[in-house]
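Next come two complexes built around chain A: one with chain B, the other with chain C.
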Partner chain A sequence: MTDTSHTYSAAAEAGRLRIRRTRWQRLQLELMKAPASAKIGLSIILFYAAMALFAPLIAPYGEAEILPQPYAPWSAEHWLGTDQIGRDILSRLIYGARNTIGIALLTTLLAFAIGGGLGLMAAISRGWLDQILSRGVDVVMAIPSLIFALMLLSVFGSSAASLILIIALLDSTRVFRLTRAVSVNVVVMDYIEAARVRGEGLGWIMRREILPNILPPLVAEFGLRFCFVFLTIASLSFLGVGIQPPTADWGSMVRETAQLIQFAKYDLSAAITPLIPAGAIAMITVGVNFTADWFLHKSSGLRDEQ
Partner chain B sequence: MHPVLSTVLKRLMLGVLTLFMVSVVIFCAVSMLPGDFGQAVLGQSATEDAVEAFRQELGLDRPAALRYLDWIGALATGDLGTSFSGRSSSGIDRSRPVAELVAPRLANTLFLASVTAAIAVPLALFLGITSALWRNSLYDRLASAGTLVTISFPEFFVAYILILFLGTLWALFPSLAAVEPEMALGERLYKSVLPALTLTLVIVAHMMRMTRAAIISLLASPHIEMARLAGESPRRVILRHALPNAWAPIATVIAFNLAYLVVGVVVVEVVFVYPGVGQLMVDAVSSRDIPVVQACALIFAAAYILLNLLADVIGIITNPRLLHPK
Partner chain C sequence: MSSKTQDVLLEMRDVRIEGFSDEHWNPIVKGVDLTLHRGEVLGLIGESGAGKSTLGLAAMGFVRAGCRISGGSIRFGDTDLRTASEAEKRRLWGTRLTYVAQSAAASFNPAHRLITQTANAAIREGLFSASEARGAARGLYQAMSLPEPDQIGLRYPHQVSGGQLQRVMTAMAMLPQPDLIVFDEPTTALDVTTQAEVLLAMRRIVEQHNTAAIYITHDLAVVAQMADTIKVLRHGQEVEEAPARNMLSAPKEAYTRSLWSVRKLEKVTKPASETVLAVDSVDAAYGTVKVLDDVTIRLPRGRTVSIVGESGSGKSTTARVIMGLLPPRRGQVVFEGSALPPGLKGRSKQQLRRIQMIYQMADTAMNPRHTVGEIIRRPLEFYHGLTGAAAEARVLELLEQIELGADFYDRLPSELSGGQKQRVCIARALAAEPDVIICDEVTSALDQIVQEGILRLLMRLQKECGISYLFITHDIATVQAISDEIVVMHKGKVVEQGPKEEILSPPHPEYTRLLLTSVPEMDPDWLTRLAASREAGTNPATG
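Moving on, here comes the complex of A and B:
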């Protein structure tokens, strides 16, 4: 017998007592400690995700299925009635989750790929590339993005692909600014220098040395940017120049059923119909905002005014 | 030169440069991108000759730099070009100059924006400053929660809720803001109550939150602590020590949100069918009327840049550190 087992070590005792938690258990604990607003936010997001993923299973009718009666009132077959050409509004609302959220998510991911990549490169190279990109971003940001998007849409025409590309490009300017600002502080660290001296390539330094250190603010920003992109796309669709029919989308659904509001005195349920897709848009933004807020507090130790 | 003057001049030069760059971007975005406007504008039945003549009129055969100079030169004299709409494949030209289309609508938009600003700015500043002074009170929490919710709402949601309650259920105000040029001021105001109210709700939320944050960070700064410890009365601390330093952040907040108004006005004008520049722009985008889109984009961008410039200049000239150099 070796005498190591007889000597006392505090670290060893703490190690025996400490429960090794799996990732899943830690996540559960984290969720239990989360404030109410974050719980509400997360459940909203989960609810929408379920709607989006299983839309064909949940929706009672097809996305563009035209039924005989246009402008049907709320009833047992059509919970929320039908629209101007006889499509079931509840089904379109459920499919709308898939289309609207899908497109906004894709746009945000693209914006982060472009803006994040260029921002990292600008922060690392700091030369003419940084200058050109930063000044270019300054100019683009001097134009309100909704106006810029409207202008580009008039040139390229309104299709889902051009919508995604245009909004992603416009939004990547903000991602670029943030990524550059946070990574400039990381780039000057000694371990980056060590990696460089070791002979690592640009790609490695970006992915393995810098990215893990700037991830928390970027993740929180992802939530906020998603909201912004989502609202921009919804506004454009509402204006009639975003996602085009027959694709079900919340912004254009509000536009299509808006005139029902004037019948509020005769049939309140009809007047509420256009508010439901608008409310769906508002709800998801509230949910994502709450969750991003919580994440920001957790990851940065940031406290409000103290 | 006085440091304030030189800083202001530098900022003004930067503003002019930004305006120039933005005009280049708007010109390039519309003029150098692919897409054959000739066919799109004149229609499928247009003859080869008509399309060719149209392209020549636009000067698409000349170098881009020259076209830019022409465009910006005409712009300086108030000539915004000619609208695409009204042209037809038969060659009859009923198009109107863009300036003629834009001018009356610009006046309407400015009217709506100034009514909104007149209500929103004092209200937001009052709410922001009071909730910063009594922070973490019930009043502050209610205001914070309320504004967070309003911020998450798209403008058209707020607009339709207002229409539902104030326009149809209790028909207090008209839900269509059809403003005519010959209307008296009172009637104009009455017609634009709902659009102005919508915009107010949207920007008060942003403005109030930003004012609150600015005031709180100001009150936490060491010189305020020092003044308090030196035994100054709370009123004197606020008026003499906090306020002179608060002008800059408050001006920034106001200008930033008025610039936000520039964007919000587009959606709200469409909801209420208010005859303004925003609605004109959306119509022009749908019909791909490029000269009108270009002119509207330029107007919005210029307003946005000028408001931001104004905020910076106010920030500079009220900065006590620059006003009293050592």
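Moving on, here comes the complex of A and C:
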């Protein structure tokens, strides 16, 4: 057994190196290994994103363009017919992707900025700040969020800005809890102490030392949170206090065309019309969930990689 | 069957084990033979990653998740453990084949009483009735010198100390009177004083019942006490095997000799110089629990002062007070003649820069998401304002200095071995260009051969840069290797303080004597002598 050197050398010690790949190569490899559900989820998201981004190019008519014939049936001219005041439903569906997804995304980002920031601060400082924030969050979470949102919206009015702010605030409580819980485990590590002893400020410790380590669960939560926000906005719109006309939005489209269902025995396609925006809502929820599931599995399933 | 083969309890031939990583199977154990006779104790030693634990578990027919036995044969008595069904193996496990894990605290179920867990396997397999098993368990607790052997079994795992838990686990392994026990580093996590007690108890019981054992460790002095035969492993292959005494006195292979040489590292004491850092009659407490009581320590410039003591003696708390993490209740920390502000917030960047700390667990001391380059670069940027190419050049210089090199720049901590990680932590401390480095048990999580490398590096850096070290440790061999002065701490108080030679030679205060005699020596008769002297209550001759 004298073939291996017996003199000690730190550089040579242990050290079969992991194969280094560029970020892009790793991404390709991950995508290839992804389960079918994740691929479906990703394609749904890509499809919706394309719709939202290129809505004016794809939609045959304008978002609020009123055409002479209301309640037009499905035809070559209006693939999904027109609504009660003669707007092309397909066009509104496509613009709806832009509005509903855009507002939901903005709301989720805001919820993460508020909840994540406060959660990190609570985890680092502990003590009274943590107590105040955590108990405050408990109180807010004790009230059913949809009812709370309805109440606040009726007080502040249903503008897009107040919609975004109110839902973001309500949802940030859940983000706060998660961020605090995962950061508490990181805060006790020696490298955080090492950074404090070095004299680093709170901002650096939050951004550079903690955030990279809690990112995987937060990204997965972002996907799920987005779905909930999306559903909340759709429900509020369905109830009439969400996104206001003439802005196209799937939730209010379901409401506006809902009464068409009763004509099912005369024209089946008319009855399907209100189900299409509902289906669009369901599809994106499923797509985002599939993707978030895959990501959660990847970030928690360390065993698979070892 | 001849009497010779009947005598053989376990026979492993050309055992090969593979682990799955990076999308293919990599060999961990590359064809090892192992024969164990009834009543024989085999010591399995080697650096981490040598395959010791994997081989030890394979001796029980067990492999960890993600591993597989890819070749060879394992015969235990009349059973072929490679082909035996899970049910057959489960009947052997916990009865004829038992296992003592490294971390007892992580191995007990916190929801059940100790005695229930001790007796469980024996009752399940019908070896004893419930009351017989409990009686036997109490007998073993007594044999393991556990306090209140009749009552201790009624406690839950969190209600006893780590050393006691380790002994309860050994009692659990002994209870069914097994043919073979596999001990996987059973004392590594214990204090020296507790370790000596546990070793004594384990050896006594193994001898009494003529049980065979495989003892896995990286501590040579410990294996010297326990084993009849020693097998050295490296990179999954056998280096050599010989009776313990022969192996200790005349190791054949160069690698084995290099393992032995670690303990021979010694530093010539330098005379004291002017004081750079002093802890001046400090009291400190966590809440209402007082942990430091009138502690005074003086660190001369360019020298190494070691603080020794068992866990809970206040060593690490002293370090926290110096670093400003725990403001003292009374007293002060004096740096170059002027008192430092007690808390971290009151200290200036320069004051922080000049005292750096290296942690015991290099794993948790480095952010797993930062590369080696980023880790070393940050103090350069933060304290010295170095950026861009200048910072990078300095990082490379530091990497050279810690004997790693430029290819480590882009690696993540998870891609480094234990010793390499600790070196990066040393480089991070060096980057600040400090006057004092506090080393908190920096080598105790490492293998001996790696320890030696780290200690040599620290000594070289002291010579080159004139850094002073405050070295916190519980390992006397390390103390001998590196220190100029020694401080002995016990229960938050300084027991003794002075030059190394003075502290290590008699006469000793009571606690220092206990600490020094508990450190295993390479002499295979050390434990026997210790047992005799503790029974007689006299002072053994220390080697």
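Some notes on this structure:
What we mean here is this: the second predicted complex is superposed on the first by the 280 of 306 C-alpha atoms of A that agree within 3 Å, B and C clash if a C-alpha of one lies under 4 Å from a C-alpha of the other, contacts with A are read in each partner's own complex, and residues count from 1 in each chain.
As a working rule, contacts are C-beta pairs under 8 Å (C-beta built on N, C-alpha and C of every residue); 3 or more make two chains touch, one makes a residue touch a chain.
These figures come from a predicted structure and were not determined experimentally.
By the touch criterion defined above, A:54 reaches neither chain B nor chain C.
Of the two partners chain B and chain C, more chain A residues are in touch with B. Of the two partner chains placed by superposition, only chain B is touched by A:286; chain C is not.
By the touch criterion defined above, A:235 reaches chain B but does not reach chain C.
In the superposition on chain A, A:213 makes contact with chain C only, not with chain B. When the two complexes are overlaid on their common chain A, residue A:193 makes contact with chain C while staying clear of chain B. Contacts of A:79 after superposition on the shared chain: neither chain B nor chain C is touched. Of the two partner chains, chain B is the only one that A:139 touches; chain C does not reach it.
Common to the chain B and chain C contact sets on chain A are residues 305. Those residues of chain B that touch chain A in the complex are listed here as 18, 21-22, 25-26, 29-30, 33, 35, 135, 148-149, 151-157, 160-161, 163-164, 167-169, 175, 216-217, 220, 259, 262-263, 266-267, 270-271, 281-282, 284-286, 288-290, 293-294, 296-297, 300-301, 304-305, 308.
The touching residues of chain A, when paired with chain B in their complex, are 138-140, 142-148, 150-157, 227, 231, 234-235, 238-241, 254, 258, 261-265, 271-272, 274-275, 278-279, 281-282, 285-286, 289, 305.
By the touch criterion given at the top, residues 20-22, 26, 49, 65-66, 234-235, 237-240, 253-255, 257-258, 323-325, 344, 347, 349, 352, 357, 359, 361, 364-370, 378-379, 382, 402-405, 408, 410-411, 415-417, 419-420, 423, 428, 432, 449-450, 452-453, 457 of chain C touch chain A in their complex.
Residues 1-2, 4, 6-11, 13-20, 189-191, 193-194, 196-200, 208-209, 212-213, 303, 305-306 of chain A touch chain C in their complex.
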